[in-house]
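Each of the next two complexes has subunit A plus one other chain: subunit B in the first, subunit C in the second.
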Partner chain A sequence: MNNFETVAKVLAEYKEIDPSEIKMETTFEELGFDSLDIVEIIMNLEEAFDLELEMHESLVDVKSLISYIESLQAKA
Partner chain B sequence: MKTPLCELLGIEAPILQGGMAWVADADLAAAVSNAGGLGLISAMNADAEWLRTQIRKAKAMTNRPFGVNIMLMSPFADQVAQVVVEEGIKVVTTGAGSPGKYMSAWREAGITVLPVVASVAYAKMAQRSGATAVIAEGCESGGHIGELTTMALVPQVVDAVDLPVIAAGGIGDGRGMAAALMLGAIGVQMGTRFLTAHECNVHPIYKERVLKAKDIDTTATGKRLGHPVRCLKTPFSRKIMKLEADSSVPAAELEAMGVGALRKAVQEGDLEHGTFMSGQIAGMIHKEQSCAEIIREMMDETEQILRGAAKWIK
Partner chain C sequence: MSFSILSTGRALPKTVLTNEELCSFVDTTDEWIRSRTGIGQRHICMEESLTDLAAEAARRAMASAGVGAGDLDLILCATISSDYITPSLACTVQEAIGASCPAFDVSAACPGFLFALDVADGYFARGRAKRILVIAAEAMSRLMDWRDRSTCVLFGDGAGAVVLGPGEGLRSLSIRTQGRTNVLYVPAARGNLPGRAQGPESYAVMDGQEVFKFAVTAMCRGLRGSIRDAGLSEADIDWVLPHQANMRIIEFAMSKMKIPPERFLINIERLANTSAACIPILLDESREQGKLKKGDLLAMCAFGAGLTSASAVIRWEID
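Here is the complex of A and B:
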């Protein structure tokens, strides 16, 4: 699975929807995620990617999430 | 009565005053600290110089420790995070995010860091980033709130992290504090109870509204925007609720209405345009008191209740 597919899977599992509903442009607002949901998702993503993530206000959609994860992967 | 929080923060009563934006200034913080609790100045959205002035003012008013609440979404968060180090502040509470990026500088400066958390996942993240303890705040509280009540949140956070837990939200008297200790907390944070303190500088109309409030007189606005805020029912909050229910009103319009609304309530007592943030315990507050009276009453009541609790055991 590439990064997008993994993120889509984590988000879709959390929301109990089909991963095909998650697009690169999908925003957390569209998914109805509040800050409490985002913390849960961050924890789930940490497990999926084996990375330590931090909450950040710039994380607002799938695209920003993936670029954040990729920046950490580049450092690792 | 003493709890481990007293030793942790160098205070006599295990009571923190909430870091209420526009409300928690040097006067209130110093009064709470002088009364034996831990007063807090809210850095809210203010810049470094405003905070520095408030800190120095409070230092002139008390020799006891006091803290600063830093709202991590503030445009000045980086600046004020530095000011607390420069001014030798020993306790920082944080809200609206994860304090991870400031943690090493704060810990190096010997600062006790207490993030406010509204869920188990938030608490775990705070633990990992190096927090000293967490403040688990239930949605009975005023201002920005989460989903869980204090009764449900505190024991779940206590079970999930290896850190001391301070309970907040819905605690207005000794009964609430005793209950919080029974849930596993080592102390409490109170905001609303201090709104009507003599030393609290909110507008007289704000105090009057809190004093007159009944149990059902708070509501949570902003749910549609994803950041609910508990406040008193007023002409303004009723209008917001109505617009929120109308899906033709864009979210941006609702956001714009909220800008500056807390300041209008606190400084001008403006019922038509102000957000009077308050917790659900407003209905329990019937008189203005000094911070010293509030803290003494809290401690006396809590001790009495805890002593009496053994009566149930036969």
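Here is the complex of A and C:
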């Protein structure tokens, strides 16, 4: 599974929707996430990627999430 | 030798503030508060002092155990919102109930009750006490900035108490501190020295997302650790008493644990977050409702400003 597929799976499981509904451009606002949903998703992504993720205001959509995860993977 | 819980008691202020009533002076809605927190109302000290509440909870616990003020060897109070900066709440309660034993406060924010149990455990281990009164009491409404809708909706006031005696009820207990001030704090009193820059007002400040993340992690790791330390598995636990900070924290922790959700005891909808008082109030309510049976294994966990966290497994020894 590539990074996009893993993120899509985590988001889709949280939202209880089909992963195919998640696109690179999908925003958290479109998915109806509030600030606590985002924390829960970040924690689920930490488990999925085995990374420690910080909260950032810039994390607003799938694209920003994946580039953040990839920046950490590059450092690891 | 450690301790067993001999009895419990609680006291709540008379005034109830519902979400709807709160909306008359805070820019928020019942729907917003419920969906973010699971809270519907909270009790607020309008006429009562914190000493009144703490002493009432103590009297109920003492009456239930058949323990008089003269029988107490130690009074421990967990609080961050005492009536006075000094003397401690333990001192004012000692006066109110007519006791004469040593009395002092434990300041560890929301897990304060479990920190106080850890202190009590040491007294029993050293053979220094036969009867210890542990009270957790908070008037959080005093520490809120009622113009800050992100924090003032979360908290409530109340007190819970237990009387402890020598026994084997305590199966495991651990307390943890991770010094991180900036995510959750209440500045101290400022004084009025002329010429000195005024610091911030004494209201609670919280970074909700950071605290949420810490809370979920602390709760899952704490519960798992204390259950393991007690030589048990998650399936052995009859009841979980989680700190009642936010229903969303409890639900997320539930989803990560192998304990059925119906074993988590919850009263946040009615009482909100009463800080250190959450767990002993929940304990007394659950006892009154007949949920707790002798021999039941209770797992407790709390987290708060510090950052502090604590967890315990206690066998219920009351018939």
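Quick note on the criterion: the second predicted complex is superposed on the first by the 76 of 76 C-alpha atoms of A that agree within 3 Å, B and C clash if a C-alpha of one lies under 4 Å from a C-alpha of the other, contacts with A are read in each partner's own complex, and residues count from 1 in each chain.
We take it that a residue touches a chain if its C-beta (ideal position, glycine included) is under 8 Å from a C-beta of that chain, and two chains touch if they have at least 3 such contacts.
Since the model is a prediction, treat every value here as computed from it, not as a measurement.
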{"item": "More subunit A residues in contact [subunit B versus subunit C]", "value": "B"}
{"item": "Which superposed partner A:35 touches (first subunit B, second subunit C, both, neither)", "value": "both"}
{"item": "Which superposed partner A:43 touches (first subunit B, second subunit C, both, neither)", "value": "both"}
{"item": "First, second, both or neither for A:18, with subunit B first and subunit C second", "value": "neither"}
{"item": "First, second, both or neither for A:55, with subunit B first and subunit C second", "value": "both"}
{"item": "Overlap of the subunit B and subunit C footprints on subunit A, listed as residue numbers", "value": "34-36, 39-40, 42-43, 55"}
{"item": "Of all residues in subunit B, those that touch subunit A in their complex", "value": "73, 96-98, 100-101, 118-119, 121-122, 124-125, 128-129, 146-147, 226-227"}
{"item": "Parts of subunit C lying in touch with subunit A, wherever the complex brings them together", "value": "35-36, 208-210, 212-213, 216-217, 246, 248, 252"}
{"item": "Residues on subunit A engaged by subunit C in the complex (per definition of touch)", "value": "34-36, 38-40, 42-43, 55"}
{"item": "Residue ranges of subunit A touching subunit B (in the complex, touch as defined)", "value": "29, 33-36, 39-40, 42-43, 52, 54-55, 57"}
